[in-house]
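There are structures below to look over.
In the two assemblies presented below, chain A is common to both, partnered first by chain B and then by chain C.
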Partner chain A sequence: MTCRSWLYCPGNDPGKITQAALYGADGIILDLEDSVAAEEKLDARELVAEALRSFDFGEAQLCVRINSLETTWWEEDLRAILRSPDRVPLVRIPKVESPETVASAAALVAEIERAAGRQPGTVRFQCIVETPRGVEKAYSIVTSSSRIDSVSFGAEDYCAQTGASRSPAAKALDFARSRLVNAAGAAAITVYDTVWGAFRDMEGLRDDAKRAREIGFDGKSAVHPDQVALINEIFTPSEQERSWAKRVIDAFDGEGAGSRGVAAVEGQMIDAPVVARARRILASPGVRDGG
Partner chain B sequence: MAVEHLRGDGALRKAIEASGLSEGGRISFHHHLRYGDRVVAQVFREIRALGVRNVTANFSSVMGSACSAVRDAVVNGTVTRIETTGSKSPLSEAILTGQVPEPVVFRTHGGRARAIESGETPIDVAFVAVSAVDRAGNANGTDGPSRFGSLGYGLVDARHANHVVAITDYVSSKPLSRVSLPADGIDQVVVVDSIGDSASISGGSLRLANRPMDRVIARRAVEVLFASGAIHDGFGFQAGSGGVSLLVARMVAERMSDLGIKGGFISGGATETAVRMIEAGLFETLYDVQSFDDMAAQSLAANKNHLEMDASRYANPDRAETIASRLDVMILSATEVDTSFAVNSLTGTDGRIIGALGGAPDTAEGAGLTMVVLPALRGRVPTICRTVDTVCTPGEHVDVVVTERGVCVHPRRDELRARLAEAGVQTVEIGDLVDRLYGITGEPVRVPRKDRVVGVVESRRGAVLDTIRAVEVEPETN
Partner chain C sequence: MGTAVRSGTPAKHDALVEIIRDGERSTDTGAAITIDSPVAPLFGAYQRAAVEAGLTGQPVRAIRVSVHDNHALDFVLRARVKAAMRKLVLMEGMP
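Take a look at the complex of A and B:
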C-alpha cells in the first residue's frame, strides 16, 4: 500500500505510541533509531515489540526503523520486532549505502523467518538512502533484494556530507531526489521523501512537499503530527487529476481499447503507460477511500 | 447622597462592624479577581479579628490564594459553611478530608443566582470587589489598575444582600462613564491598598490548547458542529473556558468567516477569542458574565456590542428566558463523561475537587446542541468511563461527545447521528468507546471513599444531583 504520509513516533514513548494512529497518517514509523537515546534503546525495543503485538493502530501501515547496521543494536531490534506472529511491520533500514547492507539484514531476517516457521520473504524492507554514497548506488540498492518494498530519502545526513542547503526554495536536493525517484521507478517500487524538520514552518513544509511530489515521490515522512494533514493534502491527487484519470480509464475500458492497446481522450492518445498512470492516481490513498 | 468612603488602617474592620455581621452570619464574594484575588483574605482577617465565628461563606467560585484564606478561616472556626460553584487546592483538600463542619454546597452559576434571588440562600453582607469607584460611590470593574471586566456574578449578590460593602483600590476623581453597580446599591466603600494582583487577575489560567491531540479533537468538533446544522446565521454560541473549547471557538470563527456566516450572539466568560469575533463582525453581540482576560475587560468598556450580563440573566432557571436558554450551541470541557453522557467537571478521576460546576449545567440544559470536547485519555486514565465520579451535568442535557478516538451521539438524538452520517462523520457507541479505552488502560479503580458526605452537588433548580464523600488525601501546599 502506498502511503502519502509516514509519521515518526519515538519508540520509547508509550503516550505517543498510543496516539500515533489518531492523526490521520497513512503510515506510522515506530522509531528505535535517532529519537531514542542510547540508554533507552533496550526499553524502546521491548515497548515497540509489545505495541506491535497488542496495540490497535487502526488502518495505518506499520513500519519500524531499526538501528543502523553499523551499531550493535540492529540484530536484536529485528529479533524483537519480528517476534509477533500476527503483525509483521515493514522494516525501515537506515543509512543504506550499498547492496551489502541490505544483504546483511536480509540474511538475518531469513534466519528469523525460518526459526519462526514463517513463509520466506514475508518481511519487507524500506531502505533509507541518506548519504551521497547511497544516492550514487541507489539503483543497485533498490534492486538488491526482493524484500525491498520501498525506498526513502533522508536529507539531513546528505546535506551534512555535501553542504547542500535545506531551505525550501533551494534546488540543491533535486539531484539526489531525482536520482532516487528514477531508481525506484526503474525497480517499480514506491519512493518516499525526507522529513521537513522545522515543524512549525508549515509554509516551508508545503513548498518542500510540493517539490517532492513534482519530482515524483509518492509520499513524505513527518516528524510532527501537525505535519500529517498538509502532507496528505499535497500527496492526494487533485480533483483535476482524479477527473482526468477517470476519463482515461473510462475511455480505455469503454472503447474496448484494452485489446487494441490505444484509445483517445480529448484529442490525446491514451496508451498503456498513460493508463497505468491513471490507475495509479485512482488507487492513491485519499482517492480510493473517497477522501 | 454620596456613599461613605472608608480609608486607611481599620477601614475594612469598621465597615464590617457597621454591616452588623455577627455569629452565624452569611457573607458572599464573587471571583472576578480570579487567581489574583486579595479581597477574600483581607476580609477574613478582619472578621477573625472581630471574633465573628460560624459564618456561612457563599462564593461564585474560589481560586488562587483565596483558597488558602478560606481554608484558614475554616480551620480557625470563622467559617463553618461554604457554598460555591468550585474549589481549588488547598481548600479542596480541607473539604475532602471533612475539615469543613457542614457539607459544602456546590451550585451552578445559574443555580446560585436562583438560590440568592429566591431567598433560599440569603446574604447578610456582600463583599463586592470593584476595580473603581467614583466620589459618588458608583462602581465598575473596568476602570482602575486592577480592572477585571464584567461584574456579572457580584451584581446578583449586591442586589439581594442586606448590606453591600464595595472594596476597591481606585477612586476616580471624575464620575465613572460606565457604571455597573450604582451608588444606591452600595452601603459602604472601603478603599484598600490593593484588591488584587493584576497579572493574575487577567490571565494565567486560560490557555488555548496547543497540543497536536487537542487540535485533532478541535478539528473533529468543528466538523461535527458544521455537519449538525447548528451553525447558521443568527445563532447563539458559547464555548467554555477549557483549552480545547477555546480552540474550537477559534476554528469555528475561521470557518464562519470562510462561509460568510454571521452569528447572533456569543456569551459566557468573555475571552480574547470572543472579543475578536465581535470585532470581526462574526457575531452581533457578546454577553459577558465574566471577563477572562484584559482584552475582554477593555473591550467591555469600549465596545458597544460587548454587554455586561449578570448571573441571573445569564442562567437563572426561574427566569422565563435567559441567555443560556437562547443558546444554539454550547461547547463544554469536562474531567470525565460516562456512558449515560453524564458530565463531571468538578472532581478529578483521582477523587480530588479540581474544577467547578460553573455555567456548564445551565447552558447544557438550555442549548440546542451541547457538545463536550475532551481527550479520551489523560495520561493513562480514560476520561470516558462507565460511571462518572460526580454528576455535574445530567446526561440527558448532553447531545454529543467529541474525543480524538471517536464521536458519540446521545441515543435520544438519532436525527443528529443520521445527519452526521450523511455528512460522512463517523460515530461510535459510547459504551464501545469505553470498552476500547479500558482495553488500552485496564479498568480504572476509583479512590476509596468514606461514608461522610462532605459536598452536595445541586441541580440548577436546587435538587440534590450528587454527593461527594470524604477521601483520604495528602493536603497539597500552595
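Take a look at the complex of A and C:
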C-alpha cells in the first residue's frame, strides 16, 4: 500500500505510541534508531515488540526503523519486532549503502521466518538511502532483494556528508532525489521523501513536499503530528488531476481504444503509459478513501 | 538484597518497573509483585495479569517486582517488566 505520509514515533515513548494513529498518517514508523538514546535501546525494543503484538493502530500501515547494521543492536531489534505471530511490520533499514547491507538483513530475517514457521519472504523491507555512497548505488540497492517494498531518502545525513543545503529553495537535493526516484521507478517500487525537521515551519514543509512530489516521490515522512495533514494534502491528487484521470481512462477504455493502443483526450494523445499514470492517480490513498 | 534494575519512567501513560533478586527470600518462591497505581481499584486485576504475562518464561525465583504505574496500558506493563527482567538476566551474566 502506498502511503502519502509516514509519521515517526519514538519507540520508547508509550504516550506517543498510543496516540500515533490519531493524526491521520497513512503509515506509522515506530523508531528504534535515532530518537532512542543508547541506554534506552533495550526498553524501546520491548515496548515496540509488545505494541506490535497487541495495540490497535487502526488502518495505518506499520513500519519499524531498526538500528543500523553497523551497530550491535540491529539483530536483537529484528528478533524482537518479528516475535509477534500475527502482525509483521515493514522493516525500515537505515543507512543502506550497498546491496550487501540488504543481504545481511535478509539472511537473518530468513532465519527468523524459518524458526517461526512463517512463509519465506513474508517480511518486507524499506531501505533508507541517506549517504552519497547510497545514492550512487541506488539502483543496485533497490533491486538487490525481492523483500524490498520501497525506498526512502534521508536528507539529514546526506547533507552532513556533502555540505548540501537543506533549504527547499536551493534545490540542492534535486540530484540525489531524482536519482532515487529514477532507481525506484526502474525497479517498480514506491519511493518516499525525507523529513522536514523544522516542524514549526509549515511554509518550508509545503515547499519541500511540493518539490518532492514534482520530482516523483509518492509520499513523505513526518517528524511531528502537525505535519501530517499538510503532507497528505500535497500528496493527494487534486480534483483537477482526478478528473483528468477519469477522462483518460474513460476515453481509453471506450470505443475499443484499448485494442488500437491509443486514444485522444482534449487534443492529447493517450497511450499505455499515460493510462498507467491515470490509474495510479485514482489508486492513491487519498482518492481511494474518498479523501 | 541484590541490585535493582529498572525499566520505564513515571511519565503519563508509562510505568516504572523495578526488579530485584531478593536473597533473603527462599529460592523456592517466585515473584513477589506490588503495584502502585491510581487505577488499581478499577484495573488492578488486569494490571497484575499483564505483569505476570511479562514474567512468563523468565527466571523469576526470589524476585521482587515493584510497579509504579501512571495509566500505562497492558502492553506497556508487559514490555517494561520484560525489559527489566532482561536487564536482570544480563546483569547476572545469564544468556
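Assume the second predicted complex is superposed on the first by the 291 of 291 C-alpha atoms of A that agree within 3 Å, B and C clash if a C-alpha of one lies under 4 Å from a C-alpha of the other, contacts with A are read in each partner's own complex, and residues count from 1 in each chain.
Rule of thumb we're sticking to: a contact is a pair of C-beta atoms (placed from the backbone, for glycine too) under 8 Å apart; a residue touches a chain by one contact, two chains touch by 3 or more.
Quick caveat: nothing in here was measured; it's all calculated off a predicted structure.
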item: First, second, both or neither for A:E50, with chain B first and chain C second; value: second
item: Which superposed partner A:D226 touches (first chain B, second chain C, both, neither); value: first
item: Which superposed partner A:G15 touches (first chain B, second chain C, both, neither); value: both
item: First, second, both or neither for A:L42, with chain B first and chain C second; value: second
item: Touching partner for A:G267 - first (chain B), second (chain C), both, neither; value: neither
item: More chain A residues in contact [chain B versus chain C]; value: C
item: Contacts of A:G117 with chain B and chain C, given as first, second, both or neither; value: neither
item: Partner chain(s) touched by A:G163 [first = chain B, second = chain C, both, neither]; value: neither
item: Overlapping contact positions on chain A, where the chain C interface meets the chain B interface; value: 15, 18, 55
item: Touching residues (chain side chain A, partner chain C) in the complex; value: 14-15, 18, 42-43, 45-47, 49-51, 53-55
item: Residues of chain A defined as touching chain B within the complex; value: 15, 18-19, 22-23, 55-56, 224-226
item: Of chain B, residues touching chain A in the complex; value: 212-213, 215-216, 377, 379, 404-405, 436, 439-440
item: Residue ranges of chain C in contact with chain A within the complex; value: 7-8, 11-14, 72-76, 78-80, 82-83, 86-87
